[in-house]
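Think of it as A, B, C and D in the order they're written, each chain with its own count starting at 1.
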Amino acid sequence: MMTAPSPIRTARAELESTVRPVTDKRVSAAEAIELVRSGDHIAVGGTNYARTPMALLFEILRQERTGLTLSRPLSCYEVELFLGTGMADTVVTSWVGIGHGWGLARILRHCVENGQARFEEWSHLGMGMRYQAGAMGVPFLPTVSMLGSDLANNTETAPVVCPFTGQRLLAIPSLNPDVALIHVHRADQYGNAQIDGYPLMDAEMARASRRVVLSAEEIVTTEEIRRDPGSTVIPHFAVDAVVEVPYGAYPHECYGKYEVDSEHVDEYMRAVRETGVAAAREYVERHVGKHADFSGFLADIGSERLRAQQLRAQELMPR
Amino acid sequence: MMTAPSPIRTARAELESTVRPVTDKRVSAAEAIELVRSGDHIAVGGTNYARTPMALLFEILRQERTGLTLSRPLSCYEVELFLGTGMADTVVTSWVGIGHGWGLARILRHCVENGQARFEEWSHLGMGMRYQAGAMGVPFLPTVSMLGSDLANNTETAPVVCPFTGQRLLAIPSLNPDVALIHVHRADQYGNAQIDGYPLMDAEMARASRRVVLSAEEIVTTEEIRRDPGSTVIPHFAVDAVVEVPYGAYPHECYGKYEVDSEHVDEYMRAVRETGVAAAREYVERHVGKHADFSGFLADIGSERLRAQQLRAQELMPR
Amino acid sequence: MNAKDELMTVAASRLLRDDRVVFAGIGLPLVASTLAKRHRAPNLTIILEGGIIGTTPHPGMLPSSTNELRAAAGAAMFTGITDIFLLAQRGFFDYGFLGVAQIDPYGNINTSVIGEPTRPTVRLPGSGGANDIISLCNETLVVTTHEPRRFVERVDFVTSPGYLTGGAARVEAGLVYGGPSHVVTDLALLDFEPTSKRMRVRALQPDVTLDEVRTATGFDLLVHDELAQLPAPSATELAMLRELTGESADREPATQVSTVSR
Amino acid sequence: MNAKDELMTVAASRLLRDDRVVFAGIGLPLVASTLAKRHRAPNLTIILEGGIIGTTPHPGMLPSSTNELRAAAGAAMFTGITDIFLLAQRGFFDYGFLGVAQIDPYGNINTSVIGEPTRPTVRLPGSGGANDIISLCNETLVVTTHEPRRFVERVDFVTSPGYLTGGAARVEAGLVYGGPSHVVTDLALLDFEPTSKRMRVRALQPDVTLDEVRTATGFDLLVHDELAQLPAPSATELAMLRELTGESADREPATQVSTVSR
């Protein structure tokens, strides 16, 4: 019955044959992205415009990988930058867009409608079950979701019957991405990482993936991590590299740190309406290629604007 | 193929047919325990001597229910009080004892070896999968654990094959207890509850169960809950009653609040060595029956000793 | 919001009873839920799939996404996205609340593709949590403008299953929970006939005729024996709604490039 | 700790390599792991099934339970109990570390019942996480005093599966990960012959003969071709161990009723 190599078994075999020494894992984004290879399946942390690992994604765009697959619970315009430049040809997700009022993702439409890219569509919980099965070390998890729908008919799912109750369920296969890119609020040099606010699917994604790169708003001492172990959601032994990048999710939001820069997103959407797919390449040229690293992009945005987004986030925090 | 009514389906049907109004759910322990009926399966929160809902358990012992089943990840001497008094006849757990250096649970031994009680033994993860399936709304979850063992041969488990990889796994059935008793650090009047420290299996237990009673070290305002929504682990719509009981897990520990009173446990173990099963009845008479409520028990312990246990806990906290 | 959206939002908000839990999508569903909570159902708990329990958006600062700081306002609990859907699967959520691109007579919804799935004419945004919401919540409310291109005999793709081919088909497919209970449009309130599970006109919006509803629908509609009339939005409802969406009572249009004002 | 326990603890601690992750039970396994971390493997990460990652117990304040304040000392992360085992199932934990009541030639362990399961002669505490640890960790170390009543031809109950009936039986049962790699006793270090998966004497503790090991074992033992000798605990190891357990170097016995000193 075993046909292809089992993703969960090969992912485990890789873990077993690897030692992740407890050493200083801090590197630059450029060095970290050496862990991302052309053809990889990349799990992109955060969801929609929250906690997107933008500094790490920009670095991939700078180094130019090809044949990438990007997966994410809900995808935002970051995926269009990869599709529009031809670096990615597959997106595995439940949704692509920006949000209420922003309209359809035109570059995604263009690429999929012209057969240049594949949109492998799961339900949102379907994506969650895939990462969670991968994180739990089981090849599948059962759910009621997606049953009877064309989502199930167009993905690798299978009926499964509960041996105790006879209930019909849908088996969702594990997803064990080649690499996960996760943006967190703070991490120590070993990769123990803490996330504030809504945790989304990042912890499951990290544990499911074969290689894990973190970017962090702040690197803190292990003593500080130990002061609040209940906030740690990714343990050091699941992490390969840590990159310190304040504003590392910008122009997307980071809970409590800065709000999404909707004007920046508006500009992108306006450009797409005007120049179509070319807008993705122009965006990458202007915001990525022009700069040596992410700090150049942030300098372009300007400290005043960054500070304003920070203040807006602080105003929105519970008190 | 459907034989008995499916626990997950009946538990869901009960939820669907019930409205839990968002009202003040604060009651006394005596009132809350009206939700516990003879013959019930009770999920006991916390594990071993951590965050045991002792005030609620004492109240059941005071009101005297019969034919109870108690389930817990790791069980401590609380289960012996129910077995020794004949109020419970079944324990569903992975382990019964106190801890390293305290020896075997003699009353449990007596009752099981004499056929007066049944010990349904699952692995620790097996218990976790049972509550988690119950909380997730699925009738089973697959795992590698328990395969090939006599634990699997003596429980309701079944082989299941992954439809994608052919991997052999063990299906663990959901557990949806009649009632969960959970001790938390703080809750608001509606039942939004926060737990500090190691979360154990309490959140899953609460969500899996048909009725949920919380005891809390402290009742706080909803505004205070909203100040730190990331710490809330049980939502109000999963809760039926909330009881404010400072030291509500005593003589067991509550993370950051008080350490386990090991001298109290020593006394109990010494009494069991001396008088056997009678020690359970004597313990209940002395610590439960003699008092009108849990505050009488705490008064007996004495504020000086309570304060000392609190200081020991504070000393052990990370700083 | 235009007048049609206001009409739908108010009608939808009235379907939500107090003390219940609603799993709301962003946009009109969240606005209707928040209006209900501020008006007649103060103990309504609003869930967003970003992992937010008990959101209470600030008037004039509605979120555009299920997971952003504005969506988190007033929340009592944060949890993982997967966990939110598992709470739905367990049965904690009384209402789901969805929009549509296409809907068919059995309440099947398409928000994925127009045309062929692998090479579509129009690639839409996708399910997001919509498939899960209609599969897992105790009942699901659907809200959409009433147009023939939306109310189609057969959806191109079943993103979010209603009653599939009708009758017992939904349950036989393993979808043993919930299903669409009402469709709220600018023309009518519709439900599903209990046996056939076909869409049925239950009530008309003010000044709308049954013929107008039929003309705007791309398939044959059943009609309830006791066809009712929906009351118009009250002045209070409209005032509260406009405060919520940040529009003044005399409804000046937004001037920004983005339809989202921040 | 008595001299036998010290001998076993030191021998076990030497098996743990640096930079690895060990899932330790309370008692001797935790002491051996902590000794290793303090002595030769400073980057060893110790996991306790109470949901504690990176515990670093204070000398003289060892926990008696996997989930208590003393067990949480120095932890970098707390998570749920179920989640801890799922991390093991994913493959993050290099070593499991268990004690036993009975063990058989194939490393099957009993900590459940002596006699018949439903009406046992002796009801033992049960699996706890032991079944999961040996089923899920990359390899599992077993530690026990060497007595015929513990080393039995057939365990009364397989709480924690070793190689079942030997050969490929473990893998055929679906237990495709790990298994017992070493058994550390006060008399010897044992492993499992690669093909038959039967227990094999790998090395002898100081001043112990192979005959003594055989006499203390209730089944026939294989012997490794290159039978080795374990070095005695060093003065440093013993001093560190006694500091850890809170005993003075000259080893005064505990006087309290409880064997746990708090």
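Methods note: a residue touches a chain if its C-beta (ideal position, glycine included) is under 8 Å from a C-beta of that chain, and two chains touch if they have at least 3 such contacts.
If you want to know which protein each chain is, UniProt gives these names: A, B = Glutaconate CoA-transferase subunit A; C, D = Glutaconate CoA-transferase subunit B.
Note that this is a predicted model, so its numbers are computed, not measured.
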Touching both chain B and chain D (chains): A
Chain at maximum distance from chain C, centres defined as averaged CA atoms: D
Centre-to-centre distance between chain C and chain B (centres being mean Cα positions), rounded to whole Å: 40
Chain centre separation in whole Å, for chain D relative to chain C (CA means): 57
Intercentroid distance (Cα basis), chain C paired with chain A, Å: 28
Touching two or more other chains - residue numbers and ranges from chain D: 52, 72, 74-75, 78, 86, 89, 136, 176-177
Per-residue overlap in chain B, given as positions that touch at least 2 other chains: 9, 137-138, 143-144, 159, 167, 169, 197-199, 226, 229-230, 318
Contacting chain pairs - touch in the sense defined above: A-B, A-C, A-D, B-C, B-D
Complex contacts: residues of chain A adjacent to chain C: 47-50, 73-74, 93-102, 104-105, 108-109, 112-113, 115, 118-119, 121-126, 128-129, 131-132, 143-151, 154, 159, 167-170, 197-201, 203-204, 253, 255-256, 259-260, 262-263, 265-266, 269-270, 312-313, 316-318
Interfacial residue positions of chain B with respect to chain A in the complex: 1-4, 6-9, 137-144, 156, 158-167, 169, 171, 173, 196-199, 226-231, 318-319
Residues of chain B defined as touching chain C within the complex: 9, 11-12, 15-16, 19-23, 135-138, 188, 192, 207-208, 222, 225-226, 229-230, 232-233, 235-238
Contact footprint of chain B on chain C as seen in their complex: 19-21, 43, 45, 52-54, 72, 74-78, 86-92, 136, 138, 176-177
Of chain D, residues touching chain B in the complex: 26-27, 49-52, 63-70, 72-75, 78-82, 85-86, 89, 112, 117-132, 135-136, 157-161, 164, 169-170, 173-177, 256-260, 262
